[in-house]
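Paired with subunit B in one complex and with subunit C in the other, subunit A is shared by the two complexes that follow.
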Partner chain A sequence: MLKVQNLHKAFGGVKAVNHCSFTVEKGSITGMIGPNGAGKTTMFDLITGLMEPDEGHIIIKGKNVTSHPAHKRAKMGIARTFQAIRIFSEMKTLDNIVVALKDHPEKMYQAFLPLKKKQKKIEERAMELLKDVGIADKAHLNAAELSFGQQKLLEIARAVATGADLLLLDEPAAGINLTLLNQIRDYILKLNKEGKTFLIVEHNMPFIMGISEKIIVLDYGQEIAVGTPEKIQNSDRVIEAYLGKKKE
Partner chain B sequence: MLAAIVNPGYIIGFLTNMVIFALLGLSLNIIIGYIGYLNLGHVGFWAIGAYTYTLLLMNGTNYFVALLAGGVAAGISGLLLGIPTLKLKSHYIAIASLGFTYIVYSLVINLNDLTRGPLGIPGIPRPVIFGIDFSGDLAYLILSIIIVSISCLIIYILLRSPWGRILETIREDEIASKSLGKNIFKYKIQAFILSAFFAGIAGGIFASFHEYIGGPGAFFLPQLLFILSVVMMGGAGSFWGSIVGAAALMTMYEAVRFLPIEATLVGPTQQASFALVLILIMIIHPRGIMGRKIKTFQK
Partner chain C sequence: MPEILPQIIWFSLLASAIYALIATGLTLLFGILNFINFAHGDFAMVGAYVFFALAIMLGLPWWIAVPLVIACCALMGVVIEKITLKPVRKSPSFTPLIISIGIGALLQAIITIFFGSGVKSYRVEGAETAIYKLFGGSLIVTQSQIIIIITTILLLIGLHIFLKHSKTGKAVRAVADNMEVASILGINIDKTISIIFAIATAMAGVGGLLIAYEQNLSVTMGISLGVKAFAAIILGGVGNILGAVVGALVIGFGENLIVGFTPIPANFKDAIVFALLILMLFIRPNGLLGEKAESQVRK
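This part shows the complex of A and B:
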């Protein structure tokens, strides 16, 4: 589904991503962990095309997309959420989803076509998605009026609305309560069953270890360990990255 | 004084101006209120529309062809300004578009063969359409209202459409919009062309209304500030706001005439008064009369 090959990105002297390679298998839930500043968000920005790498390749569904702009990659079926929520806060909750839907008739000339039925269908579809994440009753409020947790749900639902089959979630569990966390986990598992592939950056270890089949550990922009959650938890290299080296 | 107020000619002129500035405000609002960029080049589009219209009309071109050509010429200049600038961040776009205003102004002043420079072009006719003579002030006001209404309707349909919704996502969060697969550059260019096109149409209406364009200081900073004030006073991002804004601002502007001050002070007082209103609005109610939140300028 996703292949990252020898990817490199430096900001001045800081190598945010340092010749990193890994793969995300189709239909999997892959976790990405690492200490703060390990390059996880930069990795997401590189994969989604918000940043250009200095070296290396990004291959999505067998296609080298390294030089594709962000919107083109998104059209290939990749969507993401952001560490700091990026919703359209002065737009209605429902419209946040509506704009993301694939058959949103957004061409300029379509404004002059009689598309009432199609628009209604789209709104119904958006409503379903809001129901899935339990915020359908907030559909007609401005997104800014939602609580933090609801905004996170909205952002995930918006990513799902694009129809993407590869979803990149940047810290979906950060700053939310346990009930909501369980809701997000169930939602991810449900979507995964429907065939969606996930790459999830997360600091909440019980959450990410519980949900992922495979964990990639980044440190100083490099993948230092890849494996099942059990294997990662027992890796000296990983413990060292988080806690430092044991004194001999 | 009262005679001046009830003088129908005066009121008709006042209303025609209002209608023209409503279209200018609304077309600028597409950029400021919907995609969220501060465009300071709008008077340039207006001028290009006015001159294209005038030159074609005075060389015998059909009225509608000349009017549309003014819009198209302005639209093309919107495209040409948009391509290099719309990848910039919003405050750089403000500066670049202000540069555009200066360029158009100096072309107008210096292309003597074409524009007669600071002398301006007098004797611009008003049209006769299907045998109906629109040269009378009232008839021309009606024609202006018809054209502006059609223009506003087109803009209304577009802004309320899914296309308009995409423009709003650009204002709200460009990065999120891109990540949803929107080619935001394309939308920004389309919005710029649309905005410029209707500024050009307003230019055509304006030219025949005054039957003269040009002169030193025309299509320059004072007018730019006035159009900006229409948008801000009415409310960025509000369709009706621009129309209300034009009405409110024109009324205030004209009201100064009736203050018991010397005639020579009227001009400066008008300028000072709307500058003051603009400042007060920004402090007291930055969303404008009917507007929604503008957060773009803090980006």
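This part shows the complex of A and C:
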């Protein structure tokens, strides 16, 4: 689904992503962990096309997209959320979803349906997505009026609305209560069952270890360990990256 | 005094309508690209001259000339953005601002080369425009003035519907809100910016040809139009469409009411606009409908 090959990005002397390679298998939930400043968010920016790498390749669904602009990659079925919520706060909750929905008509003749009918169909689909995350009753409020947790749900629903089958979530569990956390986990698992692939950056270890099949650990922009959650939890190298070297 | 009131209100409405057409485009561009386009008044000037070339020099009927003016101005806006502004999109906002001053000068020079620097007029010898007398003769209205008001209202309503209800309009608002997020949702930023430039310059062009219908054409007409549109969006709150319309109304009414009811002579109109602007910057620097600076920072 996603292949990152020898990816490199430096800001001045700081190597944010340092010749990093990994793969995310189709249909999987892959976790990405690492200490602060390990290059996780930069990695997301590179994969989604918000930044250009200095070296290396990004391959999505077997296609080299390294030089594709962000909107083209989005059309190939890749979407993301941000560490700091970035919803369109001045727009209605519903419109946040409508903007992201692809309105490719399923059949040719549907392109010729009257505009109003088409518009209604798009809004119905947007409502369904809001229902899935439990904020349908807030559809006509300005997105800025939603609570922090609801904004997080909206951002995930917006990523789903793009029709993407590869979803990159940047700290979905940060700063929310346990009830909401469980809701987000259930939503991710449900979407995964429907065939969506996830790459999730997270600091909440119980959450990410519980949900992922595979964990990639980044440190100083490099992948230092890849494996099942159990394997990662027992890896000396990972413990070292988080806690520093043990004194001999 | 009161017997001239209807006439002054009518003139105020006319002026406001033209300023609103130019100011809404200016505020749209600011909302998306975060820069003040100092060539915007000159886009209006080009629209006025293109209509002059098509309708007066070539003698095309207005229903062919007007759509051509709209198309020419839209195309001009798109091409200018692609050549001059797109390469500096990631620069600080004063870079496109300075470039836009250069574009304005360039447009004035090009128009001077083709049309000369003399004042032109749409009025054809012998042709009479229809005049209507209302309120027992205290309000005189010409046909072209009615066209100006109706056109403006239709265009503004159209713009509102486009931005609020069409999918492309929503994409425009998404790009204005956050360009990066819009791009990762699959919205083509370059295309959206082109659409906005096309709309903004086409509206300015229509504004220019409408004002030229009322007054005359001159190569420098855009400068004062641009300044007034700029004042209107500052008054109403930058980046806010409704604010631009409100600002245009304040300026249109302000300058005409003050000139009409005080001993201040009419050639002080521009000074009045600036006085309003300075006053506004003292009282409400974010404009009538603008948000407080702190809430903008939070975004």
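Rule of thumb we're sticking to: the second predicted complex is superposed on the first by the 237 of 248 C-alpha atoms of A that agree within 3 Å, B and C clash if a C-alpha of one lies under 4 Å from a C-alpha of the other, contacts with A are read in each partner's own complex, and residues count from 1 in each chain.
The rule we apply is simple: a contact is a pair of C-beta atoms (placed from the backbone, for glycine too) under 8 Å apart; a residue touches a chain by one contact, two chains touch by 3 or more.
Not measured: the values here are computed from a predicted model.
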{"item": "First, second, both or neither for A:Ser89, with subunit B first and subunit C second", "value": "both"}
{"item": "Touching partner for A:Thr48 - first (subunit B), second (subunit C), both, neither", "value": "both"}
{"item": "First, second, both or neither for A:Lys131, with subunit B first and subunit C second", "value": "neither"}
{"item": "Partner chain in contact with A:Val99 - subunit B first, subunit C second, else both or neither", "value": "both"}
{"item": "Footprint overlap on subunit A, where subunit B in one structure and subunit C in the other make contact", "value": "48-50, 69-71, 74-75, 79-80, 82, 86-91, 95, 98-100, 119, 158, 162"}
{"item": "Touch list for subunit C against partner subunit A, complex", "value": "165, 167, 170-171, 173-174, 177-178, 180-189, 299"}
{"item": "Touching residues on subunit A, where the partner in the complex is subunit B", "value": "48-50, 69-72, 74-75, 79-80, 82, 86-91, 95, 98-100, 104-108, 110-112, 119, 158, 162"}
{"item": "Subunit B to subunit A touching residues, read off their complex", "value": "157-158, 160-166, 168-169, 171-173, 175-184, 190, 292-293, 295"}
{"item": "Subunit C partner contacts - residues on subunit A that touch it in the complex", "value": "48-50, 69-71, 73-75, 79-80, 82, 86-91, 95, 98-100, 102-103, 119, 122, 158, 162"}
